[in-house]
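In what follows, chain A forms one complex with chain B and a second complex with chain C.
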Partner chain A sequence: MPDRRPSRLVAAAVAAAFAVPLGALVVRAFADAWRAPGLVPQRFGLRGFDIAFGGARAAEALTISLVVAVAATSLALLVGWPAARVLGERRLRHPAPVFLILALPLLVPPYAAGFGLSEWFIRLGLSGTIPGLVLVHLLFVLPYVIVVLLSGFGPQVTSLEEMAQTYGAGPGHRFARVTLPSVAPTLGAAALLGFLVSWSQYGSSLAVGAGRPMLPLVMLPFVNTDPQTAAAFALLFLLPAVAALLVATRLARSPL
Partner chain B sequence: MGARDPARLTAARLAPALLVVVALFGGAIAGAVRTSVSPLAGGVSLDAWRELLEDPAFSESLLLTARVAFLSTLVSVLLAVVLAGALRRRGTLIRALATMPVPVPHLLAAAVAVLWLAPGGLAERIVGGLPVELIRDRQGLGIVLVYVYKETPFLMLLLLAAMGRSLSEREEAAAMLGAGPWQRLRWVIWPTIRGPLMVGTIVVLAFVVGAFEVPLAVGPNQPTMLAAYAFEATQGDVIAGEQVAAATLVLTTVIAVALAAVAVRFARTAEGA
Partner chain C sequence: MSALTCTRVEVSPGGAAILRGVALIVGSGTRTALVGPSGAGKTTLLRAIAGLEPLDAGSIALGDRPLDGVPSHRRQVAVVFQEPRLLPHLSVVDNVAFPLRAARVGRLERRQRAAALLDEVGLGGFSGRGVRGLSGGEQQRVALARALCAEPQLLLLDEPLAALDPSRREGLRRLIVRLQRERALTTIVITHDRAEAAELGDRIALMLEGRIVQHDDPHTLFERPSSAAVARFFGATNVLRSVVERGELIVGENRVPADGRDGPVAFTIRPEHVAVGDEGPLHAIVSEAVYAGTHVRLTLHAGEQRLEAHVPPHAAPPAGAGVRVELPRDRLWRLPAEEPPGLPRVR
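Moving on to the complex of A and B:
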């Protein structure tokens, strides 16, 4: 029974509830002066962007955030793929304990995990390094990547692979021509979600970062002291999420 | 792959992921416990734990964390169930739009909250004054608000995924057999959403218990949420502070895991009843 109430109106209302609060962030980032009780800024300008991205520290923060997110996501996909295959193809008679272990990172506060690992990392020379940050992010990215990836595997993929094998395709060929294309949408979704989880990490990065700048770390102090600069940071911080939304909305419009 | 020994192959495929989680999770817990009982002078001492439990600010922090976690989870779950019910027959585009806050980082949601709800913020300018303080208020309502904004769509996503087309079909079947709306809710809808709702509730509860950057941005200065309390301890006395922070974080993790265990237990009992 399809709902016949005006869909467009509902869509607009839902989108506005999300977009209006965030829209203020865009205005705030370009408002050099916006004192109460003004509903529109008194003066526009780029002061916030100058402060946020003028120094070398901001460039370093952005680079580290990007490198760590890409590395942690790639590593999670590599480690998570075989496990997701086993779980997605329902090869285990008792999958619950495996799921439970893989879900443990969802229960531990990121700051606690980073804090607990920081002393080991100091001894191993990983404290404040990119590999150290990647490792601690991996703990939080992995569960999400596996949960998304496993939904892409199943009898339909396995039977395609078997068909390819019957026709004499070797393992490499089979992977590139059959497996990869058939799980590509879930692989993309898993990569996007993994990237976002790493990109947003605050507590774990602070604990093992030893003062290395990352995007959320350099943004937080401005939230209560300099809203314009915080908004400028926020716009950059929001970009990957916007990309995720565009992909999700496109998928929703044209189901595969 | 010549699967001569399927069991061994399965184990080999699971091993890397399980090893990563066990090593990092185990290492983190072991590290935090070790720091909490290791004074600089060497040996083992429970001084940090004693100090922690005797600190009135810690009890207040624990209370605030419990209140904020339960309130955020309760409101998010109720809203998510209502909204998922309202939106489940809508088109895929509307449902995609409704889950938009899911990928937005928590810190960003907190920055938006400050922009709108802080004293002198946009909401106050528009309506001319807010009836309650919402940012840096002693009750932590700002934290609750940010988590409700973030976690309601997350829970809704889980619920909508569970309420697929097959649910409508089973509901129609039940209706044809003469089941009223209340019976359909009890015997058709509830069993379908119970599982994902429980998983989601546990995750949200654990998220809020361990909340860190959101309370730093919009939470009260005094008392603070547990993770922020730990962070403040490290900012004071360099060595004793580390120990107290470690003890706090061990306790925070134990609370999150214990709440999850209780929730699972509770759901099992409800299932058996």
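Moving on to the complex of A and C:
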């Protein structure tokens, strides 16, 4: 089929655009010695990983990043669900201002927003605490989650819920057997995006974290001084993203 | 015994009054076809009965059980919507068994009962399939089996045939009628087609502008409409407004024998009952003759009175011809007196 060839070429080009830097990153992470004239590293080894994950600080950073990302995403899904539902079903007469308010955190640089909050967080005793970090991440995760989630709601979901209602399904049964399976793919996508937004927060974590280690924060100093360790961190940094992506594509492929 | 009683039901979804005092009594085990033009409020009435639209006023009762404040899922009213509304993540058999699942019936019994119903609607081998590959007609049959699976006190069908092409409608219509009869299931089925209504319902309720204007057996609605509006909907397009004098209806310059008291009246006669030929008391000019397949539709003018007549194609006079017209006395139906005011009168 000749008409399929161009699309395959494009797909290959896109795949290469992703794979080449990733390949370079993998090589860099395992290159114990890679001096200037050599096209390939002179010696491979695990020095980068030893430094990156040897200390307790790295493990702590990983744990905090994970806990905060999961908590912020879960909270955003919970808080964002009703908002996404109202917006997705077009029940608002004037949705534009609501969207603007929702998008406001995205218009302000995270460090600025975080710095603005940091003084209040200190006063409230939230500075440097896990709840504090979750709260500030929520600010940036929520708009993304809502915007993705709202596309899952609409007449197709409400009509199925009505059907379930007339066939004797109470609110709980309806939610578990009809609503949730119907919005599962968008829910997965929203969760993935929310997780990644939190996972890669730098500015706001720095502003209210009060020195708490998180992955982007501990990785960045190595970028200039020790590229091998930075690359090892980056691979770890990528891991949940790839895993989440795989789960999300599986969810999206399964019938609605 | 009446299964459903609607009393002065008023509903205004989104602010605009759609149902303006619906009164409807449906007998137990009967099949009522609810007809009316688009926007008359048929779907809204069904949704109100199913508990999907709140009432502004009036009440609905199922048997002697009032439904006021009863949530939809406790009403035991099953709805087959215009679209099948199947759950795409479940197989055919699990879609049919959905009401049993909600009623917490065990998995094995659920599947058995659902499979038996699939046999009944002619989808015996479809149990394990997904619902996405099914045709529109097959999906609607699955939706029908699901409705039966709920064993409802009242079955509501909202234009179940609308999405099907005409050749498939016949089969599904027979199936609906057969299943309803076997179970003596009290049923309301919406259609906007008067001929389909006559075939689907043993009773017909006509809805116009948010009210039920006549509810009777099909023959009565076609032959003895309660108002000019009912007459027009059921195709009795001839409405003669005139006076009766000494047992004769005055039509233009002519007189036609007619029953009833003397005085101003409105009569209707169906176009297929207007006899066109060489004899008859009325003289008319054929102003239009349209071939409509099974008949020719003639537009006649007898003086200022306009008449429509359906005649067999082989006996149709051409446009411009002068004909004699007879309005058979027993086919003329005198409309009850309560005519909406303000309509122009033909003298």
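Methods note: the second predicted complex is superposed on the first by the 236 of 256 C-alpha atoms of A that agree within 3 Å, B and C clash if a C-alpha of one lies under 4 Å from a C-alpha of the other, contacts with A are read in each partner's own complex, and residues count from 1 in each chain.
The criterion applied here is as follows: contacts are C-beta pairs under 8 Å (C-beta built on N, C-alpha and C of every residue); 3 or more make two chains touch, one makes a residue touch a chain.
Just so we're clear, the structure is a prediction, and the values are computed from it rather than from any experiment.
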Three-chain arrangement built on chain A, chain B and chain C clash or fit: fit
Chain B versus chain C as contact partner of A:P105, first or second or both or neither: first
First, second, both or neither for A:P181, with chain B first and chain C second: second
Touching partner for A:R28 - first (chain B), second (chain C), both, neither: first
Partner, of chain C and chain B, that touches more residues belonging to chain A: B
First (chain B), second (chain C), both or neither touched by A:G116: first
Touched partner set for A:G154, first chain B, second chain C, both or neither: neither
Contacts of A:P41 with chain B and chain C, given as first, second, both or neither: neither
Contacts of A:G168 with chain B and chain C, given as first, second, both or neither: second
First, second, both or neither for A:G128, with chain B first and chain C second: neither
Shortest span in Å between Cα atoms of chain B and of chain C, once chain A is used as the common reference: 8
Touching both chain B and chain C, residues of chain A: 255
Chain A to chain B touching residues, read off their complex: 1-3, 7, 10-11, 14-15, 18, 21-22, 24-25, 28, 36-39, 79-80, 82-83, 85-86, 91-92, 98, 101-102, 104-120, 135-136, 138-139, 142-143, 146, 171, 193, 196, 199-200, 202-203, 206, 216, 219-220, 223-224, 227, 230-231, 234, 237-238, 240-241, 244-245, 248-249, 251-253, 255
Touching residues (chain side chain A, partner chain C) in the complex: 159-160, 162-170, 173-174, 177-178, 181-182, 254-256
Interfacial residue positions of chain B with respect to chain A in the complex: 1, 6, 10, 12-14, 16-18, 20-22, 24-25, 27-35, 89-101, 103-108, 110-112, 114-116, 120, 122, 124-126, 136, 168, 172, 202-203, 206, 209-213, 216-217, 227, 230-231, 245-246, 249-250, 252-253, 256-257, 260
Residues on chain C engaged by chain A in the complex (per definition of touch): 50-52, 71-79, 81, 83, 85, 87-89, 98-99, 101-103, 130, 132, 146, 150
